[in-house]
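Chain lettering (A, B, C and D) follows the sequence in which the chains are written, and residue indices restart at 1 in each chain.
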């Protein structure tokens, strides 16, 4: 029973199963597929780049569903895979269809599936957790020790179809636009990062780095009642976008001292919460300088190297709380995302800046590489 | 040294000191006061009503300040005193100048005062805490066992001048309108009630009873990220005001089943938080019926009698958390109020519906009695 | 597939399936069962009492396990069923084998079972949760809205064999004595009640009512670092047992004012936490009188009627937190129980006072009725 | 009014006031002091070492008390000052009587003192907080931005007498032995470090480094309900002492992999809480390796240099919470210390290993330097 691999959480779900019949590299067209084939973006060999391929439509196990993808969005992780950076080279087994953020229609459900039905529109929690480790059993599945990730550890969603465990499906309201539905997963990152560790009502928040998740974090922080959101970001275009998302003050860390400017804005050492979305060592050090005693420092951005910190001044004497964020709470964060979207409290549509056909993936990745964009959507 | 009484928290600060020279009952004018006299609204004898009197301007101790009142607002407690209900009869010692919500200018400061200076505009935390009991010493001054209340246990602010301990002064921004500055104390009640016990981001909230503090609670709950705020209130005018403050759904508990309607609105037993501002037994029972398992029930409204509850179904099987709210956190809540007002996140100005001259107090109290008003301001 | 009923959580798992071949009421012997029969204690008709019967050994579905019971203990709930009180009459459908606390050997496992294997010794979380409601999906399965209870809503463990969903099985260490293994479920109640809502390190705790779960709560509170545990209990024998479990002070509520005595012991209004295990109205009112401002009042005991409280003085002015407790956290509480037992930190063996053969059930229930016992074990 | 400096928190209370009449360096005797003189251990010039001097008995302001020291203990900070390390050279202004942990009798109280009376036995919270900064005003005085420390920023207690602000006095029970009374301040560090951030009931704790505060932390963690306390410490004698304080498992980090050994002990990545008392970079890195996903890492030990960490693996992917600890909560932690000592729950007497006369300070500091001791007491 193939989907039993999920339960063990030890092995890649589709390992060795992806029969890669790359009969031809497809260019600009998906029109001549046979019924059982689909187009997909895959990393075929351990090197930079990716290819549009024709692949078999996945078959599903008794607890899996097959989803016809409506829209998928590109994550920073996908860019790492595309660029084949050291992290990707160490983690990804080729051939691999990547991509993990999506929305689509359930077109087939395994015989044991109860969570969703054919015809529903779903997105997915992309972390497939083992349900058996200590973290999973105490309700902290987002800390699962055996987590497998869609499009990283098994075949992903940059494709016409994607197979996922039914337990990972999240039903969407039919009213939710596809462009928003497919970015709920990274929006969940933003919501989790902003809300975890302390509440924000009447608090002053400094967000370091506003790529797409940072931009969403700005909007979320405002919805959570933050009095003022200060953004530090070297890219002028992203600063402007942050302003549109609700940022009250903007800092260019290349030209200003972040901590001094934040204190000047607030009239003292009054940054209650710092949220690092950059993974940049200087930004992190700046953030600790700005943080008030007793404040919260949330780490979400992934540093590419080790980071050197003065722990005494940054954390110990400050009585700081540092919160590491990975993934989203399953399903608490998803419910929060849904309620904020459904109620109209949160509008993240400005974050979506570009939409491409799946076949235009190379153009889309170049745009991602330039940084001159928010979320980029691919439509199969 | 008179202000030492504060420290002990055992006795009323001004007890026996209010030399009531009621030379005449003043009508409609304050122009002929001598320098050391002031006009004030006082309860002179243990009976309903109040009188406009001429009183001596308070003298201050070394740690007290004298404030020239700019504006004062009427609290439900003041109405209890005015009406001389059983609670008032058991608590208030006449003669008593009542009133406790105000803003004004510091015109004199005792020799040991460091907290504020002459010329500053201040409101006051109206609970004078002992600083020595266990609650005070563990940072929970709002739970002080020896709390004395301005305008209840010692002479209040329905007057040209009021004397308070300097440690109770809260400096206001000069930009803050007097009408808002003077209602920060009850706004603090609303903020404390809404925020204590669990955060509201993406949550559904049911508020029972929307007098002025309830109305403010509606606006605060929205600022805190509540997905939906449902209000149950029998008074149609107040329901309308709640709508203006941001309520998403309105229930008339006289004509609808509160719990059934709330579940209908939300599509299930999904009220995460109930905030009772009414003190009404039926409302409280309704609220528990509506509350989801594991939800929070906040009690702020004061029932006039004992309340009978099915604890098994209301609290135990539900795994409910019940949170009692009295006063405000000193000074955490005040900072939250300030940040929300200063940053423009929160607008409670619609709550203020009427302004009267101090001399028109009788008219103001009649209006309060009718319930056809929000906050009512008196200006000396 | 019979075990699918669990998923829906809507219906009783074994409803209509318990083919009651009560060929004879068995007296004092289990030796002449056929291979497919077992002895069991069942409520055959809606009236007080129970009967020893011969029943078919349960068959299991693909996600269920069959357990050969080593030991089972009698819960207060079982006594309610035995006595056929109004709660039981409203909830229990006869015929019903009751009983839910047990330990035993897995002798058969359905084809889809992965959680445990034949040969393991297991106890069970007795609340079968639906996994699909909001509470379940946010990691609060103990608040499940569709919870079904072993021995209440479907056939229980007062028998040679019991069938349970594999997901509800909790593997026991082979070193754990059967008498302790089978009382882990109520011990979990005690651990959850003691730990939920605030930590106890250096705190003073008042426990109201010390039946077996209350006795365990005394020991747990001490392990949690409580400075002093005060017990109020009218039964002298139970007070003595509480002392043996670690209680520091004992109050007889029939002869002393609980609140006055507690304050006398502590030198002031310094009861930080009250845990009601009695469900008794007077005890609950006493407890609120004793509770300090800002303290925690945990409700676990189930009042048989509605309770009348002065909410203003008991909860609102006190700033009290009231915490309703039902069940246990799945599986956080179970892990805590395991760690405390395995590490030798917690010894609850004195709570077990009597062991009977299953056939002696009538004697055991009479003893339970008398109150002159701790936990009573039945061994098939 | 000299004690007003406390209020401002900006300046050293006794700065420039310590009239150092060092008429002679005293050797081994305090018998020929005049009435207004006292003996003290002072750092007279910015260099290693200290001297026994004759100094004037401090005069007190209206809100200060004069305490005749019964016993004082040596903190690691005092050793830094004695050794004149870079931190001390940058912080301490000579001449300075150092020392801050003590117990003694109140022999004089300023006219405005209400907190304690002559005749009481007191210890002191050694952090003199400003009461006016944001942290102080929100009940987080332990995060005060203007904190002044006894024996660091103003004259300390290695002397016959010490003057402190009355608000910093903590009354001791007359039954408390002097050796325990004087170490309550560092015991408060241990209690704060162990309890802050998450509760320990049934949890597995790894303590890195067991100097005296670490030893106390071991005992405190056990009192808090920790299932198992694992200690990593290179000094064999300290490991033995940790065992005596209740440690369940000992690791020598010079000969074993801390993380591997901890997981071997626990049967998996199950260290719930790491408490670093060492400030050692390798220990900190070891600790993060050992920490389970979602665990708490408490930092108390002060690294002498910046520390390099893999934040992605240590904190972000782990979803770790890092908690910086400085000082103690005022007065929550002191109450916890008192309740645990008074109730007999906690015994830290084995931590006190040596007692010297104040005149033997050089011998005491040499012993401290060797590390072959627990807490060392000096008696004037």
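FYI, a residue touches a chain if its C-beta (ideal position, glycine included) is under 8 Å from a C-beta of that chain, and two chains touch if they have at least 3 such contacts.
Keep in mind it's a predicted model, so treat the numbers as computed, not measured.
In terms of the stated touch criterion, the partners common to chain B and chain D are A, C, listed by label. When the C-beta pairs in contact are tallied for B-C and for C-D, the bigger tally goes to B-C. Taking each chain's centre as the mean of its C-alpha atoms, chain C lies 45 Å from chain D.
Shown for chain B are the residues in touch with two or more other chains, namely 134, 140, 335. For chain D in complex with chain A, the residues that touch the partner chain are 134-135, 140, 142-145, 197, 268-270, 279, 284, 292-294, 299-300, 302-303, 306-312, 314-327.
By the touch rule above, chain A contacts chain B in their complex via residues 191, 195, 199, 201-204, 223-225, 227-228, 248, 335-340, 342-343, 345. Of all residues in chain B, those touching chain D in their complex are 4, 7-8, 114-115, 132, 134, 137-141, 329, 331-332, 335.
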